[in-house]
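Have a look at the structure below before the remarks.
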Amino acid sequence: MKALKLDRNAIGQWLSNMAGERDIYAPASDGPAKGTWTLLTDYSMPEIKPGVPARPVKNFLFPQPETLLKFSIVPTDPDCCLPSEPEENGRKNVVFGVRPCDARSIGLNALACKADTYYQANMDKNAIIGLTCSQVCSTCFCSETGGSPMGTEGCDVSLTEIDGRYIARAMTERGEELLALAESFGKEVTDSDFSAVEALEERARSGSDEIRNPEEQLRKKDLMELYNAPFWQELADRCINCGACTFLCPTCYCFDIQDETLHGKGRRIRCQDSCMFPLFTLHASGHNPRGQKIQRVRNRFMHKMKYFPDRFGPISCVGCGRCVRDCPVNIDIREVMRSLLNFHDMGSVTP
Amino acid sequence: MSTVNEKITEKIRSEAQRLLSTGEVAAFIGYEAGSLPMSVRPFVARKQEDASRLVWNSFCVLNLANYLPALLKSFEPPRRPGDPPPEGPLPKVGILATGCWSRNIVVQIKENQVDRDRVVIVGVPSRGMVSARKVKEAVGERDIQTCIEEDHSLKICGEGFEQELNRWDVVRDNCKTCVHPDPVIYDILIGDPAGERQVQDRFAQVDEIEHKSLEERWNWFADSFSSCVRCYACRNACPLCYCPTCFVDDSRPQWVGKSTEQTDTMLFHILRAYHCAGRCTDCGSCESVCPVGIPMRLLTKKLNKDVLEMYGSEAGMSLDEPLPLTTYNPADPQGFVLTEKSEKGGDR
Amino acid sequence: MGTTSEKNWEPKIVAFLCNWCSYAGADLAGVSRFQYPPNIRIIRLPCSGRVSANMILDALRSGADGVLVSGCHPGDCHYISGNLFARRRFALLNNLLEFVGIEPGRVNFSWVSASEGEQFAEVVKEVTDKVKKLGPSTRLVKRIG
């Protein structure tokens, strides 16, 4: 695979080369939009702070809102009641400076969104340029969920900073094409650069994490025992049932579909939904199988840690720590993960 | 020497222990230590052993009154609309209350969400709570690993840095402009009352926006609310928001769309604030819990200012006074009414 | 609401009128043949106290260029005090909307009694003039592309 060494200026030049064909987004470092992914207009190396930006990269895979179709209900309209595709501007994106945890979330969500043509189309539309982490923040726990601060999964190109320069490695065919745009001015990567990257990877692997491969342990556990575990009550006592965790989570992909009509014109949109909300599973009959707060809280964690691994393999958490950092009542998913892993039903008779 | 907060913590623990062990309360709402620096977590103590987990410090930003109506209800036998109220005494709940939280409990009592006889209020005069956001800004958004709180300072440490901050510098804006730090109702008071505070320009932040031009105000509103993710943390952290169905969940008519488009986000924030008119105590819970730092408290603060200026009332100051929007005065100002412009009162 | 070429633009104004006074006032304006601009769309409610902020904002959201809320004069409410409670709510809403940058004059309030047909016509003229000056509403308008 292609690899180049780029300094900050070279990155700027590369960005401006890519900008001909694609819109480039990077996290804003200050102002009211701080932490949100904003369109770059000035093609210099964006300032990217350690840790994850406030918003996850899923906003590109699940645009808020995403128009699925349009329609008219004006009887005199020739197209009345015929759904039509929304217009596309045809532009593709480059999402720059994606942390390994966020990048990894794209593939995890794709497991559940295999048949979701909109998600697949957005995967095609958005090229991911990752940036590995040289600093692991106190709320980060990617390596406990199967990721790594040096991870490249989900990236088309992965950047690693070494002594103020960036080693850019193409990870996919699309990444090769993008990196080719820097070929004329990018420096060759030397063996010592490669070994520096390898050393960082090795350091990341040898971390002293307490938890390794939680998915294997969780898959072995009995679903109903976990479901009826006593610790959910204490979590529900303090959870306020807001959607901060789900909306900031890169691997929460649940959505709501709404038909909006105004003056005879309408559209069908999908926007993110949260299992914390009372409408989430409300049936048309008025019955809600998750009507109580405790049931909603439990669902979020059981989905990530048990239902998802049972069905797809890995746990549906990349350890970005946004929910840990931003939960208003300090519900810490790392503790919940430990509670689930360490839980043994005292009442059961299994040996 | 223990700090003020450590002393308060000791007293809270012993009161909660007594209330739970004597069976006077079935549960006690307080705070316990959190898993991150500068974090505490709301905690419902249900056994007397739990009392030792309770803590008190400058990061108790979420208004505990938020939990009160639902927790009281959880101890009632289930009943359907129209069923008679349950007979006999129901279990009580103990709760910590600072000035603003106690005023919210007053509002809840007046709105029939809370039965005064079923609450044991443990009052704690507030010294002002610290804004974690301000602390993070003060240390340049670096990763904070520990925070040690003294009476007047915070020692913040992270990888490769150590910084001492003056506590008052990082106290939340609503606390800095608070004039009623003492609980207005309580059964037990912990610590010494602080007395009414004298604050110049209580509404300075609101005035600043009012002085902007119309265009500037609109741009301020559009910019500062643009990053809203509609997680409703502000609504759910608010002790006033107990409606079984919120207006955002109405579908026929749908007052507010579900997306994060500008109009829908703005309408949500206008209506959320407006529903708090005459009820909000400026406890700052909404602003403190916002994961993206939206200043939605300024909308309610503006309403608080108008309610005080026009109706001479502040929410929840006494159990005897009606809430300002549940009453009227025939002489209320009405300069905004087209047909009354010429009369006294003038254009406001 | 809808599409109008800019030249021939005429504002659409939603008027929430109380059944007992302002609606009767509008009726009287009609039978007495007082002329007023045809820009208002009347919604009849039992009392101005029934008007909630949701309704006013929903009118703006749906693209109304202006809103008029009108009820009985204070003291004349059919339900004794509905309009007096409403007055406090309207005052606060009016100020809050201005605070967030909604043009003064988009949302208007008036008291018109059943006997004030002429006043009703005057109010509608005044509101229509104001809204015309402001131009088409753009703020808090929902657009679904």
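For clarity, chains are labelled A, B and C in written order, and residue numbers in each chain start from 1.
What we mean here is this: contacts are C-beta pairs under 8 Å (C-beta built on N, C-alpha and C of every residue); 3 or more make two chains touch, one makes a residue touch a chain.
No experiment lies behind these values; they were computed from the predicted model shown.
Novice: By mean C-alpha position, what chain is farthest away from chain A?
Specialist: Result for the farthest chain: C.
Novice: When the mean CA coordinate of each chain is compared with the mean CA coordinate of the whole protein, which chain is closest?
Specialist: That would be chain B.
Novice: Just curious, how far off is chain C from chain A if you go by their C-alpha centres, in Å?
Specialist: It comes to 47 Å between the two C-alpha centres.
Novice: From the mean C-alpha coordinate of chain B to that of chain C, what's the distance rounded to whole Å?
Specialist: 35
Novice: How big is the gap, in whole Å, between where the Cα atoms of chain A centre and where those of chain B centre?
Specialist: Taking the average C-alpha coordinate of chain A and of chain B, the gap between them is 32 Å.
Novice: Provide the list of chain B residues touching at least two other chains, using ranges where the numbers run on.
Specialist: Residue numbers touching two or more other chains: 257, 261.
Novice: Please list all residues of chain A that touch 2 or more other chains.
Specialist: Expected reply: 260.
Novice: Would you please write down the residue numbers of chain C that are in contact with two or more other chains?
Specialist: Residues 142 of chain C each touch two or more of the other chains.
Novice: Write out the stretch or stretches of chain C touching chain B in their complex.
Specialist: Residue list for chain C touching chain B: 53-54, 57-58, 61, 74-75, 81, 84-85, 87-104, 108-112, 119, 123, 126-127, 139-143.
Novice: Which residues, counting only chain A, touch chain C once they are in their complex?
Specialist: Listed in rising order, the residues are 67, 70, 86, 260-263, 265-267.
Novice: Which bits of chain C are touching chain A when the two form their complex?
Specialist: Residues of chain C touching chain A: 1-2, 62-63, 142, 144-145.
Novice: For the complex, give me every residue of chain A touching chain B.
Specialist: 32-36, 49-51, 54-55, 64-65, 135, 137-139, 234, 237-238, 240-244, 246-248, 256, 258, 260, 269, 271, 274, 277-279, 293, 324-326, 328-332, 334-335
Novice: Which residues of chain B touch chain A in their complex?
Specialist: Those in contact with chain A are residues 34-37, 39-44, 62, 66-67, 70, 141, 143-145, 159, 223-224, 226-227, 229-233, 235-237, 245, 249, 257-261, 288-289, 291-293.
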